[in-house]
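Data block below; observations after.
As written, the chains take the letters A, B, C and D, and residue 1 is the first residue of each chain.
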Amino acid sequence: MSSFPSTLLSGYRNFMSGRYVDQRERYRVLAEQGQKPHTLVVACCDSRAAPEMIFDADPGELFVVRNVANMVPPYEPDGQYHSTSAALEFAVQALRVRDIIVMGHGRCGGIRAALDPNAEPLSPGDFIGKWMNLVAPAAEQIQGNSVMTAVERQTALERISIRNSISNLRTFPCVKILEERGKLRIHGAWFDISNGELWLMDPQTRDFVRLDGQDG
Amino acid sequence: MSSFPSTLLSGYRNFMSGRYVDQRERYRVLAEQGQKPHTLVVACCDSRAAPEMIFDADPGELFVVRNVANMVPPYEPDGQYHSTSAALEFAVQALRVRDIIVMGHGRCGGIRAALDPNAEPLSPGDFIGKWMNLVAPAAEQIQGNSVMTAVERQTALERISIRNSISNLRTFPCVKILEERGKLRIHGAWFDISNGELWLMDPQTRDFVRLDGQDG
Amino acid sequence: MSSFPSTLLSGYRNFMSGRYVDQRERYRVLAEQGQKPHTLVVACCDSRAAPEMIFDADPGELFVVRNVANMVPPYEPDGQYHSTSAALEFAVQALRVRDIIVMGHGRCGGIRAALDPNAEPLSPGDFIGKWMNLVAPAAEQIQGNSVMTAVERQTALERISIRNSISNLRTFPCVKILEERGKLRIHGAWFDISNGELWLMDPQTRDFVRLDGQDG
Amino acid sequence: MSSFPSTLLSGYRNFMSGRYVDQRERYRVLAEQGQKPHTLVVACCDSRAAPEMIFDADPGELFVVRNVANMVPPYEPDGQYHSTSAALEFAVQALRVRDIIVMGHGRCGGIRAALDPNAEPLSPGDFIGKWMNLVAPAAEQIQGNSVMTAVERQTALERISIRNSISNLRTFPCVKILEERGKLRIHGAWFDISNGELWLMDPQTRDFVRLDGQDG
């Protein structure tokens, strides 16, 4: 046990003497009664894009799936195991969340890899390559664009991918049905890790619009 | 945009006027230089088990994969997309993390489902069922035990599953090789959401031992 | 007499010049009026698990039966002599104790023997083997589990055995009747000799829950 | 858990903040390395006659069997379960204790019951009756004595019973053999609960001689 990262042990002690003390009762009730998170967030693994930090969430609020580039694959009931699909099914059917947020962010490494024509597989399994294929058609189009800058292409694909994932969410029958009945709402968001800005997707136009930190 | 959950908008404003102000410079540097998280954490989607909270982590510290029941599937380079495998590959090969923590927790809904002999599929796709099959052999053994209480079986399987996932991690050649070379360390942890206790897996015995919040 | 263990003679002198001096009057009264212990404790012979130490008890408080693995056999009025049954009968019917505690502990040698598939009889009489048969059905189930660690199996059986013994207590008509009338309460406890932790059995769920040394 | 006797919870807290703090390291080592008690004590359940108190023993020192009237039955390898025989076998063959002490005491309730011609069974099972039959021949003789006082008869039988139990110890082949080889020593002791006096049995004459508290 002496090899467990000491920074994390320190962090855990800070948690126990700080935040946990304030929320001890809340944790106890959550343990006894079970979790009733109101929102499913699909976020990126990126260390700079943790939803709990960005939304200053309390324990029990957010059911969070995190994968590379915050993607939702299309509905494929093929008998194979699908991690993100399982989490989605659990959140929607068991926990009955009311909102799903697909949250992307700037400088996403997965998106960068998808846009890199010279990208080599990171290992023979090339799992990142196969995973990022979920956004391949759009990535190809963007890749071929010679008049946008690299950052513009990056940001464009990050947002296109969020829209893709939202479309994929709607291929899940349980999502589609609950959304149509007004019991589930789907949102897109994009977090600029360089300056903390949050951009929300307009449900009609599907454009990303910056949320002003003071108003909203 | 009026439909974006207002509690999350409030939370975001708290973040921007609180924590973000303290860490503004850090976010800027992280954006410019890229992330160098030291640790990959495989955690559960559960709203009560967020690693950043439990380890009081700063942005840039933890690369976090979250799926139901914090599982790592075995290495299967079959050309299909595998979300957790992709995140693992990215963390180990691209980001060169030094530590991987598989962190489970008490009252895990996925584990409870795996132990429920009467569990019905949550949807025709039965994604949770297929996903939890990753721990099916152990679940069957534990399910068959008539002398342990339900909580004892639950806790046992939560910890067995962490050990399983750690074994699966070692089926990834990049993980195995780096671990053998001393460049990567693997850890197991189990968080008791009812009282904040953290239990760490002893690497030799594979038993979970409670970390005393005060010492360490 | 020179062969009487000298450490014990020293200990006796410490007792007589220390604790006994403080409690001289108490011993005198207890001798005159007889003992009225409020609680029967069924504990293990183990040198690390003495109830008087763990509960900082005074003389006269606890009526203590100690046998290997703190077990209570089922009610068998077969005319044979039964040491634990005799002690139980005396405590309940003659001394009228109000509480019975079955207290187990970690690293119990009897439980370890029960889980050891290669255990050889310690002597031709194999008294330990026959005695530990009291927990054989559960021991077999636990022994057959290949996914729990040795320590997990040990701890599981220690607690199952306490529950077993509590069930056996209730096969004694005098116990059953008095409990139903609210005149006798039965408790389970498990002492972790490695760190002093005390776990109490929840009477409803029968789970063992750690008592925090500070609160209660 | 709220029904666990509160005096015992207080006692446990005293233990944890007092004695346990002093002996924390000792408990840890005993847990890790196992127990190596040097002595087996056969004592009475009586709340006034706890060996650890009387000998001011530390954890790890004494392996203690406690039954009504601190008796050792004769060796009977009949396939039935025998609690005191099992403890004896474990102490001698597994733990390799060097000394066995049979410790009786004054005002013993079991001995009083054995001497009471009008004693009614405490329950239909009459476990005390059957258990005290172990000393029945001597009890009959003493009972029939009309010239000793009740206290003299009581004390006499308490000591005779200790001698009986010591003889019974020697019917166990493992005890007999080890004693003959000088690897095991057997002692008798009798504790006067009214004044703290300890009387030790002279191995030759088998008389009980008072140990002077100061010398010895």
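Here, contacts are C-beta pairs under 8 Å (C-beta built on N, C-alpha and C of every residue); 3 or more make two chains touch, one makes a residue touch a chain.
Because the structure is a prediction, the values reported are computed rather than measured.
Student: Which chains contact both chain B and chain C?
Tutor: none
Student: Using each chain's Cα centroid, which is most distant from the centroid of chain C?
Tutor: So the farthest one, by centre of C-alpha atoms, is A.
Student: Averaging only over C-alpha atoms, locate the centres of chain A and chain C and give their separation in whole Å.
Tutor: 53
Student: Which whole number of Å gives the spacing of the CA centres of chain C and chain D?
Tutor: 15
Student: Starting from the mean Cα coordinates of chain A and chain D, work out the distance between those two points in Å.
Tutor: 68
Student: Return the residues of chain B touching two or more other chains; collapse runs of consecutive numbers into ranges.
Tutor: Within chain B, no residue contacts more than one other chain.
Student: Touch graph of the chains shown: is it line, ring, star, complete or other?
Tutor: It is a line, because the chains touch in a row without closing up.
Student: Go through the chains and record each pair that touches.
Tutor: In this structure, the chains touch in these pairs: A-B, B-C, C-D.
Student: Which positions of chain A touch chain B when the two form their complex?
Tutor: That would be residues 1, 3-5, 7-9, 11-20, 24, 27-28, 30-32, 34-35, 37-39, 45-48, 50, 52-57, 59-68, 71, 73, 75, 77, 79-91, 93-95, 98-99, 101, 106-107, 109-110, 122-128, 130-134, 172-174, 185, 187, 189, 193-196, 198, 200, 202-203, 209, 211, 213-214, 216 of chain A.
Student: In the complex, go through chain C and note every residue touching chain B.
Tutor: Against chain B, chain C makes touches at 137-138, 141-142, 145-152, 156, 159-160, 205-207.
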